[in-house]
Every structure is written in C-alpha cells, then in structure tokens.
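Below: a set of structures, written as structure tokens.
After this come two complexes, each holding subunit A, first together with subunit B and then together with subunit C.
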Partner chain A sequence: MKRRIPLMIVLITGIFGAVAFFVPHPAIRSADELMRNDVQRIITAFSLVLGVGSIVQHHLLKIKRHAQFWPYSYITIIALLITAIIGVFGGIDVTKPGILPTRIASFSFHIQTIYSNMMVPLAATMFSLLAFFMSSAAYRAFRARNLEATLLLLSAFILMLGAVPLGRAIHKQLPAFAEWILAVPNTASKRGILFGVELGIFATSLKIILGIERGWLGGGK
Partner chain B sequence: MILLLIILFTVTPPTAVQVKDLPNDDGGKILITWQRAPEPEIIGYRVLRQEQNSEEWETLAFVGRLANRYIDDEAKNYLPYRYQIIACTDTTAVPSEPSGFVSAVPHWFDTSTLPAFIGTIILSLIFIYFINRAQRDKNLFIRRIAGLDAVEEALGRATEMGRATLYVPGLSSMADVATIASLNILGEVAKKTAKFGTPLIVPTSDPIVYTVAREVVKESYTAAGRPDAFHQDIVFFVTDQQFAFAAAVDGIMTREKPATNFLIGMFWAESLILAETGAATGAIQIAGTDAIAQLPFFITACDYTLIGEELYAASAYISREPLLLGAIKGQDYSKALITFLIIIFTVMALVFNLPVKNWF
Partner chain C sequence: MNRTKENILIRLQHIDRRWIYLILWLVVMIPLLFPFKIQPRPTPPVTQLFNYIDTMPEDKALAISVDFTPDTRAELQPMVVSLMRHAFAIKRRVGILAISVYGLGLGEEAIQQVTEEFNSRARNHEDSVIYGEDYIFWGWTTPVLTVMLGMGERITNVFPVDYYGNKTETLPITKHIKNYDDIGVLVTIAASAIPRSWINYAQTQFGVHLSCGITAVSAADFYPYVNSGQFIGMLAGMKGAAEYEQLVRQRMEKNGMTWLLRNRGTEAMSSQTSAHLTIMAFIIIGNIAYFAVRRKRK
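On to the complex of A and B.
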C-alpha cells in the first residue's frame, strides 16, 4: 500500500498532464493548472518547513558532535534565526515596516536591505570566481593531448580570432568562418544531443508513469 | 452638384463578413474576417456584436484601416452572436450586412498538436514493445557507457581511501525530469555506498528534492540490507540560492575532501565552480546533465560525463533491471527512427522540392 498509492497518484497525474497538452477544453486545462500551480505551491510551502528543519538539525548535530569547523554552524543558525525574525516581523523594506523596529536612525536592516546588501554581493563574489575557474578549465581543455582536444583547441582558436579585429586583419573571411563553426557544426551537435535528451525525458516519463522506474521510491518491487 | 458630392464621397461597406468559432481553443473566442473597402479615406473599422434574442448592438473594438480580422475573446460559450463591421471615415460610417449567428465552443482536441500526438503514440509503442521484449530476452545488448562503468570503481576508491562520496542532485526542482533521473541514479549509488560502508553526503537545494532524496537513500540502505547505516544527516537541505549553494558545496569539498564527487542533474552557472573545486581536491568526478551549455564545463573538469540521454539511461544501466534496460533499447531505436526520418525528409525537400516543413 505504501508504494501503491504513490504509484497510482503518479499514473493518474502523469496521464492527466500528457492529456492536458492535447486537450484545450477548460475542464482539463483548469484542473491541470490547479495541480501544476496551486497543489505544487502548497506542497512546496510544507516542504520548506522540512528544509529549514533539516538545516537546523544538520548544524545542531555538528555542534553536538564537535565536528570539523563546528563553530561555523553557530553562525549559520544565528544568521538563519535573525533573518527569519526580521523577515517575518520586521517588514519588507522602509515603505512596508513590520512590528519590529528594523531601523536605527537612517540605517535600516529590513529583509530587503539584508538581501540586497549581503546576499547579492556574496552571490556576485561566488559568480566572479567563475572567471578564474574558466581560465584553469580552458588551460586544461586546450592542452592538445589527443585528436579531440586538438580539434577543440583549433576551433576555439579560430572562434577567438574571429571575434577580434586581428582575425579580420589576418583574413577577411575568418570572422565568417568562425560564425559558420558556431552556426553549423556546433548547432548540429547541440541538436543531436537535444534529440537524445528529449527521448530520454520521454522514456523516463513513460517508465515513471507506468511504474517501471521506481528509483524515486527507493527502488524495489 | 449635391448629388455629385454624395456619389464622390460614398464609401463602400466591408463585404464578405465571415464569423467562425476559433478552432483548437479553450472556448470563448470567435474569429471575424471581412474584405476591406477599397476607399483610401477609410480610417478604420468598428466591430459590433449582437446576442441572439437581443435588439442591442454593442461595440467591441475599433481597428485600423488595414485590419481584416478580429478575434472576439469575450464571447460566452454556446451563446449565439452575430457581428457587423462598420467602415469609418472622418465623416461617414458605412455598416456591412450582419453576419450569421455563431457560438463559441471549447474544443476537446487541439488539431495543431496532431503530429505530436501521433509521435507520442508511435514512440510509446516502440518503448512498450522493447520493455515487453526485455521481459523475455534477458540478455539484451546495451552499448557501453564509460561514465557509468566507472561508478563502481569510483565508489571502490572512496571505500579504500576511507573517504566520503559526495552526490549533488543538481539545483533544479522535482518538476525537472533531469532531477528525477538524478534521484534514480542516487538510489543505485546509495545501495552501493551502503554495501561498501562508504559515507555518503547529499546536499540539496530544493526542499522537495531534499524530502524525496532522503526517502530514496533511506529505501536504498534498507534494500542493501543496511538500514542501521542510514542516518538523517546523509541528506540535508542547504539553500535554494544558487551561489550560496555553490559556496556551501565547495566548502564541503574542501573540508571533507570526498574521494568521489557525483554532479548529476540540472546545473547552471555554478557547474564549473563545483567541478573545478572538486578537481582541485583530487576527487574522481562523474558528472551528468542535459543542460547543453554546462556540458563543456563538465567534460573539461570531470573524469567522466554523462552526456544528455546517458543521464536518463543511467539508473537502468547501473541497476541492470531488464525492464528498464528495455526502455534504453527503445530509446536507441526511437533515435534511429527519428534520424532516418530526418534524412528521408531532408532528401525529399532537397530533391523533390516538397514543402515538407508544412507537414509538421
């Protein structure tokens, strides 16, 4: 029974989702939208509680066991609590204040201020690391170790040259050739992969709807 | 003189006013078409509507002089309406003959999706055939996938080194099929880590994925006969913020130094940040995604990469479950069929100049 109910739900909702693509009738479409939007939102709201519970439990365990770098877990839990309290009781921003005072003179620390001044710069810092990682990855990829890597190096070299004025100075057709590499062989390969991906999605969906694939249930019969 | 002026400034009314229920819609829409009046002084057309059993005409819209169609999207289903188009100049307004009555009806099948419907039926039949065949023929040949052959070796390495295995199921939600495929693989990986006694770390970025992943790992540990080895801390939720998640996983990689990293699922810009950090820690890395833009990063920074469809074949390949292997066979034959059709239609379009694209 523990498995049969989820499998039945998947079978019904899976077939219903597929049917809704072909049937424009409002009776089907509105039910489909209800499941996709409203039901999913309710489930997400409930699962968020589980998510927050997981973070707290994970870090409390670390503190309890004195795991490696355990004092940082205090920072996570304190940050979580402060942000949650300000977010729930402190209002969204200066124009929408909450019941807690989230302003000292001209300095405000509303949830929007915290997000814009802490989360966004920290995320930007992580994102900017990508530039350095790209350089190291490019160095590794462009070492001509075998035929494929040599072809990769060659096409990357042509593309880079085609994108700068020096390329045109070397040969006036070089930018057009670089464009052709992007538009024809590159696009053809991407489409080939996409065909496989779409068929894979189709096969996986079918296996799940028919109850053949049960990995998401932890496997078993 | 007055008669001459009247004749000169007379505008012909719009003709051939036709109305029909808009096809393939969810109802409430009626399409009105008409033939424009030839006079250049016309500035636009007024569209009027009248309900059956009502004397009143209501104005729906005023459209420009070049318009010859209008969709009434405020019609009530099953209620008959008729329409009239008035050609307007600065000084005059000349009405057309009223159209016949028509009602808007919601449709039960969108005929524009017919090719997709036929394709779905054909592909489903191919898959079902091979799944059935797999039940009879247990020795179905499946092509080798290097990245999946390496799973056992990678987990064995982690066991020998006494280090953990890190499994990141991507950053997408359960609505993404790549995430579902990733969790299917996680189930198989968890069975092996449970069997080998290797610590497993599964950070997640979506609360629903966290819940499902936890159940998958728990069931896998039970299936492997090691329910005692499962603890709540194996799978945990980190954050749904993209780069905060990347920072947290990078932190796990550098602190815990897992011997094996699985980066399987849907990834965006954080893919290279994760893969390069993993490579720097010396871990064996197996990545898999259907995000085409991220594939080059994974191929560069990881030891093995499951490209596109291989991601969806992975759980069947690892588990060797005959029914699932049949689906991979179906996937391969469907791909062969599509490739064959593309070649045939391309040749037809090139050689016979047939308007093949209009068929789809």
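On to the complex of A and C.
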C-alpha cells in the first residue's frame, strides 16, 4: 500500500498533465488550472517547510555531535533566522517598510540591503573563481595532442578571436566566421544532441508514469 | 634549440598555478581601473531583438523574466537594465517577473536604477515612468509551470499581488497587460536551461514571442532556437549586453535623451577582452612548451 498509493497518484496526475496539454475542453482546462494554481502551490509550500526543517535539523545535529566544521552550522542557522525574520516582517526597502523597524539612524538593514550587500558579492566571488580555474586549465590541459583536440582548439581560438576587437583587426570577416561556427556547425550538432535528450526524457517520463521506473520512491531494495 | 631556451620551455610546462592566477587577476583588474574604449559591433542576434522591440506596436508590452542568480549578475544584469531603458525610451509598458526567488532582488535593483534615471530627468508627467501605469513588478511565485502556463490565461491569477503587496487587479497597467496576447516579447534572462522551459510551455501552448539573454558559456546551447525562430534574437554574455547597450544608447540619443548613463556591459568589455587575449596567450605558450618537451623526449 505504501508503494501503491504514490504510484497511483503519479499515474493519474501524469496522464492528466499530458491530456490537459492537448485537450482544450473547458472542463479539462479548469481542472488543470486548479491543479496548477492551487494544488501545486500547496505542495510547494509544504516542500519549503520540509526544506527549512531539514536544514535546521541537519545543522543542529552537527552542533550537538561536534561534527567537522560544526561552528559554521551556527552561522547557517543564525543567518537563516535573521534573514527570514527581516524578510517576513521588515518590508522590502526604505520605501516599503514592514512592521519590524529596519533602520538605525542612517544605517538600514532591510532585505534588499542584505541581498545587495551580502548575497550578491558572496555569490559573485564564488562564480568569479571560475575564471582562474579556466585560465589554469587552458594553460595546462588545452593541448593539440591529436586531430580532434586540434580541431577543438582551433574552433575555440576562432571563437575567442571573433569575440575581441583584435579579431576584426586580423581579418574583417573573422567575427562573421566565428558567428557562422556557432550558427551552423554548432546548431547542427546541438540539434542532434537535443533530439536524443528529448527522446530520453520522454521515455523516462513514460516509465515513471507507468510505474516501470520506481527509483524515485526510494527505499533501496 | 639551445639548452637555455629548452630549459625555459620545460620550466614553463610546470609553472606554479599561482603565477597564472596572479597574471589573470592583474589582467582583469587593471582594465577595470583604467579602461580602454571598446565599442563592440552588434551581431545579428542582438540587432534582431533590438529591431523587434523597437518596432513593437504601442499596445504591446515588454516582459522581462529575471531568471538568473546573483553569481552571474555582472554578465546578465546589464541586459535587464538596457532592455528596460529601451522600452521606456520608446514608451512601451514593461512587466517584470522572477522565476527564481533570487531574481527578486536583482529585478528590484534594475527597477530602482532605471526608474531613477528616467524620473530624475523627467520634465513633466509624460516623461516620467510611473509604477502601476508604465511598469509593474509581478514578483515571484512558484512552481515554474504555474507561472509559464498561468500567464497565458490571466496574469492576475498567477500574481494576485505584486512584489510590493499591491493587488494587481487594482493597478491601471493590468487593463493593458492581461495575458500573453498583450506581451510583444518576453525576454528571459537566465544562466540555466530555463529559456528552454519557456519555449516548451509558454510558447508551444500560447504562441508567445520569446527571446533570451544568457551567459556566454551557454550561448552555444541556444543557437538552435534562434535559428529556428523560436527565439527572436539573443543576447549572449557580456558582449551581447554591451552590443545592446550601444544600440539603446543610439536610440535614446535619437529620441533626444542625450544622458550620460553608465553602461556596465560596455565598461567591462576592456577587462573581458584583456582576459580573453591572456587566456589565448596561455594556450599558445602552453602548447609551445608541450611540443618542446615532447620533442626532447623523442
């Protein structure tokens, strides 16, 4: 029963979702609208509670057991609490204040300030590290070892040259040639890959809806 | 090849990566502090989107979906800003939404910046951009499918309240933007596969015109959709943003808006160009050293 009920729900909702996409009948439409606007939203709200609960439980356990890097768990929980309280009760910005005061003299700490001054620089810092790894990899690993690697190297070189003004200085048609590489050979190969991927998604979805693929139920053997 | 040269090439093969990091840091930082002028020429996908928005009927709105996260802000935020500037410069309504919750803050930043630019220079009511009349920030809701399909029926069902807590039904702009039929083009700015979902759900079912702004690394993935016409043009990476900024600047000047505005995408082009050239130099040096060592081993 524990397995049958979820399988039945997936079968019914899966078939309904597909049917609703193709049948414009008002009854189907309104049922579909109810599913999307109400049912899915309620499920998502529950998943949010589950997510917050899971992260708090995980870090509290780490603190209790003094697991590796456990002091950082305090930072996670405190940051989560402060951001949630300010986000829910503190309003959006200075023009839209909430019930919680988020200003001390000229210093404001509403959600947009926290976002712009903490979230954005932290995320940008992490992402910018990619440039350093890419340049190191380009220096150490991007070698013309065989024909395939040489072709890849040449295309990358042309694309990079096409993206900088030096490319036009070398030859006027170089940027257009770089654009052609992206628009023609790249598109041709991408289309082939996309067809394969979409067919794979279709087959896997069918297997899940029909209950042939049950890995998502969890529980191992 | 004499022994000294050979030794240098062998040593280059095993250079400490920290030197590479230092060189790249300098190459990125110096042009940011002392930029040199680069004005990229608009490529066909960028021109295509610009021309489409520029000639959009007056009753059609521009919708921007802020679908990226703060890590790609440097590359993608200039696109949101210049798209908004373009729409306001040609007096088209703008609707902004976020598919990712992280997009809310980025959307709000762009709105604050662009509305301030226009309203601080407005001489009369006609010149200014007013919330609820000329633009709306629908905000974020979940799940993705609800937004993409629901907006085709009635936007107020999906977003009963906007980002600021106003009831969307009460805002005058809602009379003009009811669903996808009133949207000239929806531009999704993303660093993920979200633009594909917009095609799969919103375009397939409702036929909404779409375009996208994406990071340079994912540009190759979206060319098939540009070629098939499913996307009206595309802004690819910081270069795409800079190209669009140039076109918008020209349009604004034509409309008498000779304002000195910061174009972040164009400003960063000198830094990006230097980084590209350095990486190309790294590849060349790395290969020369590799072949020198291989010859020696033979």
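Keep in mind that, in the parts below, the second predicted complex is superposed on the first by the 188 of 221 C-alpha atoms of A that agree within 3 Å, B and C clash if a C-alpha of one lies under 4 Å from a C-alpha of the other, contacts with A are read in each partner's own complex, and residues count from 1 in each chain.
By definition in this document, a contact is a pair of C-beta atoms (placed from the backbone, for glycine too) under 8 Å apart; a residue touches a chain by one contact, two chains touch by 3 or more.
Note that the structure is predicted; figures quoted are calculated from it, not measured.
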item: Subunit B versus subunit C as contact partner of A:Trp216, first or second or both or neither; value: first
item: Partner chain in contact with A:Phe127 - subunit B first, subunit C second, else both or neither; value: both
item: First (subunit B), second (subunit C), both or neither touched by A:Arg41; value: second
item: Which of subunit B and subunit C A:Gly51 touches, first, second, both or neither; value: first
item: Which superposed partner A:Ile170 touches (first subunit B, second subunit C, both, neither); value: neither
item: Partner chain(s) touched by A:Ala203 [first = subunit B, second = subunit C, both, neither]; value: first
item: First, second, both or neither for A:Met119, with subunit B first and subunit C second; value: both
item: Partner chain(s) touched by A:Leu182 [first = subunit B, second = subunit C, both, neither]; value: second
item: Contacts of A:Val19 with subunit B and subunit C, given as first, second, both or neither; value: neither
item: Doubly contacted subunit A residues - partners subunit C and subunit B; value: 21, 40, 44, 119, 122-124, 126-127, 134, 136, 138, 140, 190, 194
item: In the complex with subunit C, residue positions of subunit A that touch it; value: 21, 33, 36-37, 40-41, 44, 92-93, 96, 111-112, 115-116, 119-120, 122-124, 126-127, 131-132, 134-136, 138-140, 142-144, 153, 156-157, 160-161, 163-166, 168, 175, 179, 182-183, 186-187, 190-191, 194
item: Of all residues in subunit A, those that touch subunit B in their complex; value: 18, 21-27, 29, 40, 43-44, 47-48, 50-52, 54-55, 57-58, 61, 68-69, 119, 122-127, 129-130, 133-134, 136-138, 140-141, 190, 193-197, 199-208, 210, 212-213, 215-220
item: Parts of subunit C lying in touch with subunit A, wherever the complex brings them together; value: 15, 17, 20-21, 24-25, 28, 38, 40-41, 43-44, 69-74, 102, 105-106, 108-109, 112, 141-143, 145-146, 149-150, 153, 157-158, 163-165, 205, 216, 219-221, 223-224, 226-227, 239, 273, 275-280, 282-283, 285-287, 290
item: In the complex with subunit A, residue positions of subunit B that touch it; value: 24-27, 106-110, 113, 116-117, 120, 123-124, 127, 131, 175, 177, 180-181, 183-188, 191, 206-208, 210-212, 215-220, 222-223, 232-233, 235-239, 241-244, 246-247, 255-256, 269-270, 272-273, 275-277, 290, 292, 295-297, 299-301, 307-313, 315-316, 319, 323-324, 327-328, 330-331, 334-335, 338-339
